[in-house]
Amino acid sequence: MDSALIPKGVKRCSLGRFSLWMIALTAILLWGVIAMLLCWFKGLNQTNMNDAYGFALWIWADLAVIALGGGAFFTGFLKYIVGKDELKNIINYAVVIGVVCYVSALLILAIDVGQPLRSWFIFWHANVHSMLTEVAFCLSCYLVVLIIEFLPLLFENPKLDRKPFFHHLSHNMHEIMAIFAATGAFLSFFHQGSLGGVSGVLFGRPFAFREGLFIWPWTFFLFTWSAAACGPCFTILITRITEKIAKKKLVKDNVIDLLAKISGWMLGTYIIAKIFDTWYWAAYTLPKQGFSLIDFYSNNPFYGIWILIVEIFVCGIIPAVILISSKGRKNKRLFMTAIILAVIGVCINRWVMVMQTMAAPVMTFEDWFMYYPSWQEVATTILPVAFGAIFISFAYRYLPIFPQESELNPID
Amino acid sequence: MFPFCFEWVWDMSHIVFMGGLWYALGIVGAGLTYCIVKAAKESSDNHSNGDH
Amino acid sequence: MSETQKVSASDNKKKDAGGTTILFFLIGVAISLALGWIIFPKLLYSKKSQPIDFSHVVHSEAVGDCDSCHFFREDGTFSGAPTLAECIDCHEEAQGDTEDERIFVEEYVAQNKEVPWLIYSEQPDSVFFSHAAHVKKAKMSCESCHGEIGTSDALPIYEENRITGYSRNIWGKNIAGIKKHTWDRMKMNDCGECHEEEIGDKGSCFQCHK
Amino acid sequence: MKIDRRSFLSLGAGATAGLAFSPLPWKLMDDSSIWTQNWPWVPVPTDGEASYVDTVCSLCPGGCGITIRKIDDRVVKAEKKDSDNANSGICILGLSSPQLLYSPSRIKTPLKKIEGKWVKISVKEAVAEIAEKLKDLRKDKLSHTLACISGSSSGTVPALFERFLKAYGSPNFITVPSVKDVYKLVFSLSLGSPYVPVFDIANSDFVVSFGTGLLDGWGNPAQAFKAHSILKDNKKKLIQIEARLSNTAAKADKWIPIKPGTEGVLALGMANIIIEKRLYLNKNILFDSVTEGFEEFKALVAKDYSVKAVAEITGVKQEDITALVEDFMKAQSPVALFGRGEGTIPGSLHEMMAVNFLNALAGNFNKAGGVHLLSDNSYINWTEPILDDTAYYGINKKRLDGAGDGKYFLAKHLLNRLPEVLNSSETSPINMLFVTDSNPFYTMADTKLVREAFEKIPFIVSFSSYMDETASMADIILPNHFFLERYQDVVATCGLKPAVGLSKPVVNPIFDTIHSGDAVIFIAKALGGTIAESFAWDDYKACLDETLEAKKDIMDKELFWVDESGVFNAFADAESSGKFEFINDKIRQTKPYTFVEAEGEKKQYPLTLIRFDSMRIASGYTANSPFMTKTVADTVIKENDIFVEINPKTAAEYNLTDGSKALLTTPKGKAQVRVHLYEGIMQGIISMPSGLGHSGYDNYLAGKGININELIGQIEDPASGFDAAWGIRAVLVRV
Amino acid sequence: MSKGSKHKDKKFGMVIDLDKCTGCGACMVACMSENNVPFKENESNKLDSITWMRVYKLENGKSFPDADICFLPRPCMHCEGDHGHAPCVSVCPAIATDYDHKTGIVSQIYTRCFGCRYCMAACPYHARYFNWWDPVWPEGMEKLLNPNVSPRMRGVVEKCSFCHHRYQLALDKAYADGRDKIEEDEYQTACTQACPANAIIFGDLDNKKHAVYSLKKNPNTFRLLERLGTNPKVYYHSSREWVRRAGDNYLKHETTKA
């Protein structure tokens, strides 16, 4: 039925099967949409957020999803700026995942604010001193860039490609893609960083506050670094999942291996920086404010010292070592473990920087604050996941995302 | 966002921040315009040549 | 579906098609511009007339300056539109024989009901405007913000933004936001502009917000 | 020219491009956010002329001079009156008065209950119906079966009710007792006249409080707070003796925990040391020779109240007791405060007498920093009501509560005896009950018993402004104006002098309500005959004007008229102090010194439940405003659960952790509660705030927590007959 | 940001005497009444209950009978910040909150706020409150609304303003009287005015003649979380060491005034 839309030289499942898969995803999406509408029309009382947890599940999801979407900018950076040409075989997918992540991030933000109809104030009445302003500007600009990076791919759909205008447009855009990618990398570097700055500048919140360089707290750099390290891991993870579902190989091992190796080194250097940051924070920043490290990890099993160990050791050092060593990368099981740990690691980092910052008491006469998300929050957080799956499914089905697919899976 | 916005001040932070932003937007906008104009031109040329 | 056929068909008519395309594009632009600049403003504002007409000229001749009716209270606050208590001094009985006068005396004075005047310059609840600071301290004239209402013989139609509920005088009569007089518009930017000129500083948020 | 799909696409593209250059999308975007800034469902306060009206707050017996801020004709806020004169001050309750004025639980019109449902009636109809019923009673020579419960005993409105009952022919005018009634007894026993004490805390240099909630709502809270702040400024001492670390105890320089109910024992023990060491001689007081009963008292305390014995009973260390006595007697102007908590429960007469002996031994009566005694002169000088035969017959009947007779010879009114009297007879001895300015179905101990008793009364008329627990059980409600809507005289003290304040209407009544004073006068007039003749005033306003005479001009100007002659001067010098009597015949008749114990078997109920008063929870006739309830901590009430405070060590014994739910059982009732671990409470004691657990009023208050009166029974003070219960034995079981 | 005029006119602040504060809650009610703070049927969840002024109950952590408590009223601290900005002001993306250098007051503009709650995350004092619900006044109670303060809509953040509208009103009165400046006692916050114990003193912290100036220099005076560099304008006074220590975080070996 939709064969005209399917790229040449590849095989796709039947439309019926695809539709079933879509119906299942749309059902989840609708659940999220209902929750979203509830939040918009009834207000944020639909959530379990409160005055202590002004930032909660959503902001975590937002930060995590952007970190994971970092694969797009970093892979683009490697391909177009550094010149790692092999990566052209995965860059398309990295861009698709990036678009999903950034659309999700903006959608979550649109639900998260108390007055969505006023959200354009962040642009119009911008406070240039606020990290959130920087986030909003770079985030939306970068989404524009990502869409620009995605468009040529869309125009390569057999049906669209037939139109000369789109054909040429796609071609022209490909030609100057390095400029877009460079701008994207610049924007991305800043917004990944400013997301780190969001918590790092909170000098009233000793758990989050970091000293830094000029106007940027150390978290600014750590966030960019970790997004660059773990974003590609997420791209690899999604690629592997896609391969599992499609039941065929889509990207050659040497491409994955190269990306993973770079990720490994990034993760390794990041985790050293992170350890140094944690030590400096614990040894110099905190005592000046009358705190010791353990003040932020005691009295609460949920945020016990284990979370720091898991973040740094289990989800930092271990995957870095595996990914750096070629032996580790060769061992399939170890490799996937490392990829998953790295992805979890960056999510834990974002979780901690948002949630633990809110939970930890600052005034001596307060106690730890606890919070459980409401179903509306969970549903709206799952909504982007469903959206992502739908988007990726469409993209995979109808767009020539994987240049090596036909070579790896010749049709008889 | 714009110099005519109420909050605008001609200070270093605004110039650096908004400068960077408009610079990036400018590049993206210009690149995109270039591609579109060129594609429009090419596609109409192609049409007249009829060599699609 | 025979996509190829369609493409080749349009190829044949390419020159003509190009012209039509541009023409339709321009028609589209024209429709939108007309809609946005002419029809939309008409739809956006509802027109309301005041409960009764009122002549500022007649009154200022009879009672003197603006502050005879629009006065400062002892605590420095501004009374705004006069209440029945002020009007009643002269209008216990009908003054003259206009229809508006009759309605005023019969429906409001006699029933001790306040006239629900529509205030052209009504700022939203979030705005604190100190008449004392402007009139008493800065010695500004009423006209600088309210224009020539004081010399008008009849009350203009009150236009209300259907979405926001604002009086049109706040956003300005001109849909493009162009103003010729200081009193043409009363948005925050206009306050800021004057403050910048006069004081060298737009002021802090709380200066005018509550 | 061919119009095809491409043309339409082109038109669309043009339209989109055109729109971007028109004001439409931008103005819509702007206006939609301006819409959110002016959502029609968010009220916009109407502006108008601001004005300030002074009046006297009558929400508690404090009678503070306050200022009401108005915008045009609506009340916006209550504020502290900006002046140091005349009892100006405000507390959380007074600040709440505007919310109470506009409260959704106000009764908006006179109501009559028909088959369990409220039906609106007019004032006229209500008055006529009440008068009709009253006439019938009179016909049957049952005029004495009309009773009236009044929240206050002072001022013209209670006086009108009392006068009405007299003229009608009933002796059963009953006021809601408070600690003030016992104060008067203390002095009528030892000084022969019912003086009202005023404690000069601000000028004292050593204040010992025996559980008095100086900062928890006692007396006039605003004045008490002010006095405490002056104490702090002058670096003078406050000692709090109490089982629980109350707010007063927390602010005190020293908190001495004591087993509840043994405060009187401690006082007598202290008296023993003072007498033994002859410390009172330092104060130039020569009790030995001139004072009646001193020797007998000396022997009594020496025998039973040795430091050792007292320490044993009270749980206070011996050295603490001796140190306390030393500091107390060393001070220039020490004063001992008595009357527990807020003072809504009258309390034990002997305990207060015992504490007052310390004041006597320190010789601080009518001295700066001591106890000032005010005469109880009334400014109401009406001619006696005219009595017809029926009235004469009625008023000579015995009072139902037995006050003033036999073993209750000291008390004038004994509201707490009423439930028992009602329950002990088959048919109700009361045929009609007026309830004014009070909410006995809520405020009286052992609420279940009270309800049972009062349900027997065939006809209840409530004069309440609110749909409170009592009003909801009435048959007719003639709602009173709120105090901001009415004239009323308020008895108060200005500084250390007696005074009368004038509550003035700040706004016109917002509902179809009637001043209770008017209601009484109208009912009297409707009854005709001598009763109508006894109420010759046109209305309450006329009555008030006539009563206050020239004082009214002063009150109009200054809010208060101060009775300069009201101070009792008997102790102007040390020589005459001998008039104080430690023991005399009357005192002997009260069987000194017996202190009240908590009800319940120790075995079955190992814990002791005490009540505590909080400024943030009004526990009397006036109930909490939504704002007040909002200030209540989440360790006091959480959702609808009330917390009981318990020492962590005791909690551990009962396997209770902070916040856990438990079943609280006392001999009087059961309730599900949650526990709050609190280090500021003695082991074995648990405490609970009074003033919660309302079933009446609005959704902002009703259903929150438990009314402690449902769990505590009353204990008749053997000396006075008033309720003296300070707690009850209890048991907590985790659920 | 309105940093155009750097000259400092006034620096309003408060000294709260914790020895005098009885925890009665009058300041809270006065504040709510003055500032049109909404109320719900159930306010027992203190994490969604708007109380611009909140009285905290501090415990010394000791067991009976050495236990002690102290009440600590907490308005907005109106931080000046060590770097010239309050924690909340610099983070607001839309300049809905601002530091006024002429009064030292941190403003909050409800109609500008779009509810991102970043300022709440930034404030260590929990002085900022979000309107999770539409404010609802039961029928008749909307009459209580003070016209000098605009009621907030759902979805925006609000906080104590040091009753800034009272400053505006005082200025209006002064202008009408032909004066340019106001006397200290012409502008007092609602909580200061209401406190029955006179525990709150409010005034210009730079005015050497005013009580707040000398009180803030008292050795028993401290501020909350001073070590974070928030530079608050609300001072507390207590003669009890444990209370002063509870005002900030200290390492075990540190003495209270580091």
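Which chain is which? They are A, B, C, D and E, in the order written, and residues in each are numbered from 1.
Quick note on the criterion: contacts are C-beta pairs under 8 Å (C-beta built on N, C-alpha and C of every residue); 3 or more make two chains touch, one makes a residue touch a chain.
Keep in mind the model is a prediction, meaning the values are calculated, not measured.
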When A-D and D-E are ranked by contacting C-beta pairs, first place goes to D-E
Which chain has its C-alpha centre closest to the mean of all protein C-alpha atoms shown?
E
For chain B and chain C, what's the span in angstrom between their mean Cα positions?
37
Using mean CA coordinates as chain centres, what's the chain B-chain D distance in Å?
75
Centroid from C-alpha atoms only, then distance chain B to chain E, rounded to Å. What do you get?
47
Starting from the mean Cα coordinates of chain A and chain E, work out the distance between those two points in Å.
39
When you check chain A against every other chain, which residues touch at least two of them?
115, 118, 121, 125-127, 129, 133, 163
Per-residue multi-chain contacts in chain E, two or more chains
1, 4, 45, 57, 59, 95, 110-112, 134, 150-151, 153, 155
In chain B, which residues are in touch with two or more of the other chains?
6-7, 47, 52
Of all residues in chain A, which touch chain D in the complex?
115, 117-118, 120-121
Contact residues on chain C for chain E in the complex?
72, 74-77, 124-126, 128, 130, 132-133, 136-137, 199-207, 209-210
Write out the stretch or stretches of chain E touching chain A in their complex.
1, 45, 47-48, 56-59, 72, 79, 81, 85, 87-88, 90-96, 112-118, 120-126, 128-134, 153-157, 224-225, 227-230, 245-251, 254, 258
What residues on chain C touch chain D, complex-wise?
10, 13, 16-17, 19-33, 35-37, 40-41, 44, 73, 75, 77, 79-80, 124-126, 161, 163-166, 175-176
Complex interface listing, chain E residues touching chain C:
2, 4-5, 95, 98, 100-103, 105, 107, 109-112, 148-151, 161, 164-165, 168-169, 171-178, 180
